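For clarity, chains are labelled A, B and C in written order, and residue numbers in each chain start from 1.
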């Protein structure tokens, strides 16, 4: 019996639901600390429009039927915001996915972004591309998109491994502004030397709050902070007990 | 169908399904044997459905590849030749499993002599790009952290292999990997796990609805 | 600014007392804004500070069409409201003016107000309609002499703002500077000196604040009157006290008495028109009527003795009193214009004869802009002067109506021959403007031709926009203006047309693809060459008969080595060593072709060990390519040793679903044929081969969740070492043993006393590591002390 998991889940659920009820619709808007990785992200879209070209968003090789599902959903939240800005600037974003289960969802997010701006006729389902099911093959295909097409901004957000360095290198070859949001340590090491803005770990899951600014994302960030404090206290307490107890 | 139905039915499906699968993993065996058994069955059924949907999603992905690259070939857009090669390669790779089965000799040979080397080449390319990125590290990030990064990488790389006369490097490498490296990695993983949990709970309670247009 | 009525000193707006003499300043010199409290000139309709409306809008009293009260366009002369309206307006104004000190009496200082408003106009930035309309128009000197004109809106709160109260009156008239002698034309200089003050009782031309006394206007000396005017000017005539104003704005205020100037003071021209006291009616007809529903005030008929010759010639002798004088511009068509008998031709001066139409052709409603002097009843023009005749068709005695009910002596499209009037030179019209002159044959749609709206809020009006969809077919308007188009304009028009004819596509900016710079290429080649040389040399040299340099020395006794890495290796070795023949070992191949080069080298010594033990290997995977990789590796291992057989391993299958698939595989795992029963598989082992942390976690967690006590060991990639180490802790016991990367495999082989693939490749690995470190340090040296960022922000 995973009593610890049950307890943690229950506590997390209670905290999140309580915050959503209390601050979800009214009251002061939760404030979050600025993240350097996302500060210039939306401005890049405008610069992309000025430079003429498109924005490439790589969602990684994670799908919806694995433990990378949540990482992929977090990447989709960024797509929702970036695609909206790109569409408003008459920029056609290109989205690449490495799992076919993510393909229809990414297409739906992009289509809704066009619909919200009344530009449904400009939506083309070919803007979302399934490259390959293998992570390294996906990275190679996405790198080809960055290298061969008129991409002027490269964004990598989702489930990646060390193979993300292929995509980052393709962008670095063309000296493109790049932003990455990944949770895996392997990918962090690969992206650190090549990207301008890097969001690591749980910052990936904060991407939705920073890019869209929607209230329920902000509230969930607050819940995450509360749980993090609880977890840290629990770890410290356990360490102290272990030291004391010998 | 009213908007109420279109909005709430997907939320209910997502929430109930997630709770059933989660309960099947977490509920204790001794507490609710009967229900846990049932829950386990329900969980397995739902997972089976997810696997089937994922399999059909592969078909969607295949159609997407054909549409994107086929359109490029038909309209002779930029890179049409490489798209043509891709389509032909996919067609060729499809033939042996269909004719000889997935475990057939020809299929295995295709895997051993074509797919395997291609994958290995891509992995080697990853190594090359990592080395190139390390070479240009200070060009991209000129900071103390970058210098520290270089030192750590050098110690770990040289300590990972038993160089003659560099046994002390191995000890240093072990310490770096097992103490700060592991701690940082665990911290990242814990934070990512928290974010994952909150994001999943957000989908459970219906606050985040990626499956719905409302 | 407010001018003191006593000393004439200019005081700040809103001042109560004169700064110079202490005279109380009239209160009605400014309007306080009800919103912000700022003081505004009396003539303001909107506050200068906050732009709030000072004079509220009023509801129309009558339901008569608004057309009747439309403003006069193109005419610079202000309107004179009728008597009743004036009374009402003055009442309204009086009520609105704030009495700060509680003073109830508001002195009439219309002249001071005129001057004040004239001064204030310079300070105000807001342009007003009157300024725009009147500034370009050069006011005659005789009008300037009357003082600054200040116009006040007549509307009161809650009442209708008469539409005929033109915007001219609603806005403040511009300050009329006192004309200098040089500005006054010669013909008028003799009439009135520029510095002469207007008598207090002199009626203003445009009276805006009836409560303010009008400034005095001095009577021009006879010597100043030009000859031509002297000829027609009557002898000094008595000016009636109740000389009606030309344009009266405050009806209820009696016209200030104008003292009858001495005969020597009254100019001849003025004497002529001075009316006998008995014959002057109290209400003078206005030049421009603003309130149509009010009857035009009576204009006293000047005494025949005092009427100037030129005017006498116009006016009929028997028309001693005109009860109702026809207004110059009638705004109320329902009021019949009073008949004005045509003057005898002999009496009409030449210049006026040219204007006036023949007596028989005079219509009843023929207005005329009469000369702007007091007491002169407007006369029907019988003859049109030459300068007017050129613009007026001969058969039209009445001017073409500008708007309904109103006629002017000359049609607006005639190109009024103002320039041909005496003393004025015609302006030179540039060619490009000449080209745009409307041709006589151009048909114009007058308002009367427009249909009358029959429904809706605009019912009864003409010329309203038709109800048509917003998006409609563009009507091709036939050009009725034969404008001359230059070739350059034509070329530009054609270019525009061609651009518009192009399909609507988003213009794609030309994207300049950033190619790889030479430095970038050199870097890439440098790194590639170094890696190839370092790794390739170690691998290739033995093939060509050379000994590769030995860079590494794997440990031969890991048990003696205190490194934790070797402890984990030993645990794995012991777990494998404890298996016996026939034991079923579950091996999970959780990697694909990209990782196969490394993990095959890691898995091979373990698999050989298991095969040496005689165990049966059951291969499972959650990835479809895992089975293919396993098949290739095991076939190679079996083929390399004769003692190995293919029956020693079984490819069970692939099960997707990540952790769920692992759970199902563990649950439904069947002992393969030839294997021992479950009771005898106490040494059963689970070996996980992976390069990702997730599959390892699945196997560890699901094994624990199912209560499986069988040990779990792993062979992982070197990059996975930080993720595996927590499971290898002594306290956790979730992972019994593991080897990591090529070095671990080489150590395993060394411990077993074998020299396998791992041992052969370890030197190459070491060379590669050394090459990468060297490149990294070289790059740090290069970019730390030189070189700039390659990417421009």
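The criterion applied here is as follows: a contact is a pair of C-beta atoms (placed from the backbone, for glycine too) under 8 Å apart; a residue touches a chain by one contact, two chains touch by 3 or more.
The structure displayed is predicted, hence computed values, not measured ones.
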Item checked: By mean Cα position, the chain sitting nearest the middle -> C
Notebook entry, point to check: Which one of the chains is farthest from chain A, going by Cα centres?
Noted result: C
Next item on the list: Please work out the Cα centroid separation of chain A and chain C, and write it as a whole number of Å.
Entry: 36
Check: For chain A and chain B, what's the span in angstrom between their mean Cα positions?
Finding: 14
Check: Counting in whole Å, what is the centre-to-centre distance of chain B and chain C, each centre being its mean C-alpha position?
Finding: 49
Note to self: Where in chain C do residues touch at least two different other chains?
What the structure shows: 592-594, 625, 657, 705, 722-723, 790
Checklist line | Multi-partner residues of chain B (each touching 2 or more other chains) | finding: 25, 50-51, 54, 119, 122-123, 126, 130, 132, 134, 136-137, 140, 185, 189
Margin query: Can you pull out the residues of chain A that are in contact with at least two other chains?
Written below: 2, 65, 67, 134, 136-137, 162-163, 172, 185, 196
Next item on the list: Name, in rising order, each residue of chain B that touches chain A in their complex.
Entry: 22, 25-31, 50-51, 53-54, 57-62, 64-65, 67-68, 71, 78-79, 82, 119, 122-123, 125-126, 129-130, 132-134, 136-137, 140-141, 146, 149, 184-185, 187-192, 194-205, 207-208, 210-211, 213
Notebook entry, point to check: For chain B, which residues are in contact with chain C within the complex?
Noted result: 25, 43-44, 47-48, 50-51, 54, 103, 107-108, 111-112, 115-120, 122-124, 126-128, 130-132, 134-140, 142, 147, 150, 153-154, 157-158, 160-164, 170-171, 174, 177-178, 181-182, 185-186, 189
Margin query: Quick check: in the complex, which residue numbers of chain A touch chain B?
Written below: 1-3, 5-6, 8-9, 12-13, 16-17, 20, 24, 63-65, 67, 70-71, 73-74, 76, 99-101, 103-105, 108-109, 112, 125-126, 128-130, 133-134, 136-137, 139-140, 144, 148-149, 162-163, 165-166, 168-169, 172, 183, 185, 188, 190, 192-194, 196, 200-202, 204-206, 216-217, 220, 223-224, 227-228, 231
Note to self: Applying the document's contact rule, which stretches of chain C touch chain B when the two form their complex?
What the structure shows: 523-524, 526-528, 531, 550-555, 563-565, 592-597, 625, 628-629, 631-632, 651, 656-657, 660-661, 664, 705, 718, 721-723, 725-726, 741, 743, 746-747, 762, 765-766, 768-773, 775-780, 782-784, 787, 789-790
Next item on the list: Would you mind writing out the residues of chain C in touch with chain A in their complex?
Entry: 506, 508-511, 513-514, 516, 520, 592-594, 625, 657-659, 692, 694, 705, 719, 722-723, 790-792
